[in-house]
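Structure first, commentary second.
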Amino acid sequence: MNNIKLNKELILSLYETMLKIRLFEKTQERVFKTEQEGFTHVYTGEEAIAAGVCANLNKDDYITSTHRGHGHMIAKGGNMKKMMAELYGRLTGYCKGKSGSLHIADFSIGVLGANGIVGAGIPIATGAGYSIKLRGTSQVVACFFGDGAVTQGTFHEGVNMAAAWNLPVIYVIENNLYMVGTKTERVCKVCKNYAVKAQGYGMPGEDIDGNDVIEVYTATKKAVERARSGKGPALLNCMTYRHSTHFVGDLDVRDKQEIEYWKARDPIKRIEEKMLKEKIITEDKIKSCRDKIQGMVDEAVEFARKSPVPKPEVALEDVFVE
Amino acid sequence: MKTLTYREAVREAMREEMRKNEYIFLMGQDVGPYGGEHRVSGDLHSEFGEWRVKDAPISEQGIIGCALGASITGCRAIAEIPFMDFIMLPMDQICNQIAKYLYTFGGQASVPLVIRTAMGGYIRAAEQHSQCLEAWFIHIPGLKVVIPSTPYDVKGLLKTAIRDNNPVIFVEHKYLYGMKGEIPEEEYTIPLGVADIKKEGNDVSVIATSYMVHKALNVANKLEKEGISVEVVDPRTLVPLDKETILKSVEKTSRAIIVHEAPLRGGIGGEIAAIIADEGFEYLDAPIKRIGAKDAPIPFPSVLEDFILPSEVGIEKTIKELL
Amino acid sequence: MKTLTYREAVREAMREEMRKNEYIFLMGQDVGPYGGEHRVSGDLHSEFGEWRVKDAPISEQGIIGCALGASITGCRAIAEIPFMDFIMLPMDQICNQIAKYLYTFGGQASVPLVIRTAMGGYIRAAEQHSQCLEAWFIHIPGLKVVIPSTPYDVKGLLKTAIRDNNPVIFVEHKYLYGMKGEIPEEEYTIPLGVADIKKEGNDVSVIATSYMVHKALNVANKLEKEGISVEVVDPRTLVPLDKETILKSVEKTSRAIIVHEAPLRGGIGGEIAAIIADEGFEYLDAPIKRIGAKDAPIPFPSVLEDFILPSEVGIEKTIKELL
Amino acid sequence: MNNIKLNKELILSLYETMLKIRLFEKTQERVFKTEQEGFTHVYTGEEAIAAGVCANLNKDDYITSTHRGHGHMIAKGGNMKKMMAELYGRLTGYCKGKSGSLHIADFSIGVLGANGIVGAGIPIATGAGYSIKLRGTSQVVACFFGDGAVTQGTFHEGVNMAAAWNLPVIYVIENNLYMVGTKTERVCKVCKNYAVKAQGYGMPGEDIDGNDVIEVYTATKKAVERARSGKGPALLNCMTYRHSTHFVGDLDVRDKQEIEYWKARDPIKRIEEKMLKEKIITEDKIKSCRDKIQGMVDEAVEFARKSPVPKPEVALEDVFVE
């Protein structure tokens, strides 16, 4: 596979992943309001990043995820039923229904966990990289986090260690310009061209269009190959924008024009247009693809709804293991 | 009298004090135009502007360190950590720096700052957004710890905390933000170190904090109809602790139950129980009981969260077992 | 039997376990060729090499996060935080991440790691290098907490901690590192959750931890000559806590004193006192007493430090007052 | 005063400051071993940094200091008697003898405190900068810390905030290549040219010869002028080397040749040679200068020795203020 021209199957599969995330999240936004408890952060608008990054990963590669983590799970091959059941707080969910939207993980496919503490996953990803080095495998780690997380000390500490020791970790910034209701540029002078920070740690960094799945894919590919061959980590700063409010139900303080600007750059619309133009797909196929995936999502919702609520005593399980 | 929510009472306390002293500033994530994670700061940014109501990066160590640096150089900082769970990040700044600054440098510089944070569950926010960690702070000499349970208390205590020349950990409760209460029209403050007997009673003393005060009161009101007279004591501040009021109550009732939301083991219930078991030993007619969260992190769905956290049913049961 | 220092016993435990399992590694500042801030790791770097004995940057959050990430992906980390005061920096990684990992993800991944840290004063190291913070960790469900007082205990308990599939906060004591003790030639382990009666006695139970065990023993031995029979109970692990042994001792003596080095307020003495005041209430003939550091940070010169920290004179006085 | 050629008086005063530090520390190394308790870290070899930086500061400007802080105090105008008394744990010391070598401060001259926690002073300095902005004065802050401290999250968080908000803080790295017994390059890929990190925060950074007091002085001058005029912070990476072990009595794991290399670049020897060459000073004057300062140091030691030990109850003072 060459660097710029990806083959048709790959593009289709990237597209399908993005669509899965989109339809899962659109459905989640809807069902959350009436059927779930707690809080939920959705990933709509940022799908190209999870899809483009994870397409480069093997099943036994690791990722660490964030509060906005559903997309990462799906892109890494997570089971939508178990995900949705978790969001509903059901026993069949990934975490027995204990932890909900903020805390999904699937260790069987290398998803080492979403995290409610901004930036906390970064040194954990570094540790997974350390473990790969110590165990001598050729796995890699992709570590997802937001532009806000870059202002955490954990970013600095975790990335520095990986760079110092050439650990196989790809640090992926999902740079959506905001941290909750505050524009990141208000608290961070360098925040759109984060790649420059990589130099300060002695590792490669790239600023990329995070709404272009092919750009994300190819940049990650380079970084993953480098990491697998023992050359160390890289930083990918993926510019993007969330379509939703920070969490479902939050107020939106963002500029209308800014929202319009970015919605016009919707990563899914963009790949659909490209595929249509390059005759990789037809309008019909798009529709059937959407229908098929929506069917999967609906099934997941049904599964969740029908699943049992945990008994109260489940709350005392898993404090310690034997 | 007027009616304010707990949230509004906090905001009003800050507004009144900030109007009086131009060197008081509030710093925290999203406290600015957005109005605060829990909408506590509200319109303060539009009244006081960018430098007095400052949006911070997601840098809890930076925020608290910055509050410290400003407070030893002529300002008074109010730092907001919207979920007490996040206070784990700046523990060094709080407990190794702020708490010890005055002492370490032989009294050269006081640290007049307030760290406002919101603890507590019952809001389905899961393991990392529900904790109560007040017990950690009472263990560190040099910090005052305030934990108000009503709109009236929160306003009066916050004003006192802001004026205090020592660092204060000011622990609000997320579930209480929406609770309404009566507040005097005129200005008032409440001193630190004075407990409040929220309900008088003769049969048993229930010492409760924050949201648990309300649960204890509900139980007390219910049991009153059954002829059981429960005294509910709200310490309001943990450092300084008004142990006289607690001991006097136990002297009267001969029975003590301590209720807090934090996990039982290592919670403030141990401290209070130990004080009673030492200084009030002769008053006691029964074992001292503690009620706190069960031994697990806090799961998100109501069915599980309500099982882990203290409940009115549980408080009632313990009272009845003790009598 | 052979004689080892506490420091050597720690090192031997690590060495033996590391020889058995190639995925155990030690990480911390200066644990490598330098041999450790307290010279505990010694020659381990030369035996096990760069990746198994890893010098870390001054990034406590990074170190602990790294230990966590490695321990959920097939390794077992031992992380060293040489002064317990510094553990304030990685509190989030320890208490929001490590403690909750197994639980939050519904049992999917256990976290077999040990955080070794050294607490304690009496070494003239001042406010930020002398603290004891074990009480913080017992308050967080999901962590085991071990606090050994002798070379024999530290070796046997550390081996168990390393083999445990749960996260363990392993609290050594700086003052004890040089203390010598007898260690069996053959391999042995000590289970977590089993207290040790360091000296039997009938008149009063002194429950003491870490270095305070030795102070209590000195006093007990002295008082024995005066006809006072003191039982010294060393819980050895705080989570799990062997409350049966403690309660049984109090049942026998009817009097309890808890001694720890950490500040009295908010310390583990409260927890233990509260357990006794509840479950052992009927055994008690006298108030429960606690001894801990006075309410101040820890100053450096001996004249001041010795005044703040618990002393044998103080322990003796409290025992005599209680009898 | 032009940029490169400093006037004679200034050079002499920089020299005198360095000498004060050197002789204080050499004496401290000696008396510590037999007459003091606790631990002490000395500043020998790094004098040019404190001297060059602080010569640009006014009395009401602030500094934050480190575990290796005696030099900062002296350069900012600290009182040697009170310092030495503190090191001896005497009531006449800066902190009533409570805190010793690790924790000296003099708020009356803007020394906001040494710190036993590596990196912890960095956000505190940022906060002092914030206070200056809020109070609207033209003060500046100089924040000293080591190359090891750069690997702390507090560095990242504190510097980012100052850069984002244009706070008047000069961050000064005393880059002596080591963190206790570990070479910083073992845990940090970029560690000799730290200035590159400044770009990642959007502020100027400079790598300078920290053993050349004139270079330190002029680089700081530029940064201070910039900060005073509201243009924001700067990072100065000063390369240096400590002559002593990490703390007095520690073992030395450093390479003999490396030590020799750096001792040949002793900042005091260098300025003496320069002054002699440029006829700013004579050998005689050097000797008399040394004698005079040693006399001051000896007086400080005498003062400390004669000062009263605090009563035990002093240990309970200053937990709270009224």
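Letters A, B, C and D mark the chains in the order given here, with residues in each chain numbered from 1 onward.
The rule is simple: a contact is a pair of C-beta atoms (placed from the backbone, for glycine too) under 8 Å apart; a residue touches a chain by one contact, two chains touch by 3 or more.
The structure presented is a predicted model; accordingly, all values stated were derived computationally and were not measured.
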Labels of chains that are neighbours to chain B and to chain C: A, D
A-B against B-D, pair bridged by the larger set of C-beta contacts: B-D
Euclidean distance of C-alpha centroids - chain A vs chain B, Å: 37
Between chain C and chain A, distance of the C-alpha-averaged centres to the nearest whole Å: 40
Rounded Å distance, chain A centre to chain D centre (Cα mean): 45
Per-residue multi-chain contacts in chain A, two or more chains: 97-99, 103, 115-117, 151-154, 156-157, 160-161, 164, 186-188, 319
Where chain C touches two or more other chains, by residue: 56-57, 59, 61-62, 85-86, 89, 92, 96, 103-104, 126-128, 141-142, 295-297, 299
Chain contact topology (line, ring, star, complete or other): complete
For the chain C and chain B complex, residues of the former touching the latter: 85-86, 88-89, 91-92, 95-96, 99-100, 103-104, 126-128, 133, 135-142, 239, 262-263, 265-274, 276-279, 281-282, 284, 286-290, 295-297, 299
Touching residues on chain A, where the partner in the complex is chain D: 151-157, 160-161, 163-164, 186-190, 196-197, 199-203
Touching residues on chain C, where the partner in the complex is chain D: 29-30, 32-35, 37, 55-59, 61-62, 85-86, 89, 124-129, 294-297, 299-308
Residue ranges of chain D touching chain C (in the complex, touch as defined): 37-39, 89, 97-100, 102-103, 115-119, 148-149, 151-153, 179-182, 184, 186-188, 251, 253, 309-310, 312-316, 319
Chain C residues touching chain A - in the complex, by the definition given at the top: 23, 25, 51-52, 54, 56-57, 59, 61-62, 64-75, 77, 92-93, 96-97, 101-110, 141-142, 144, 165-166
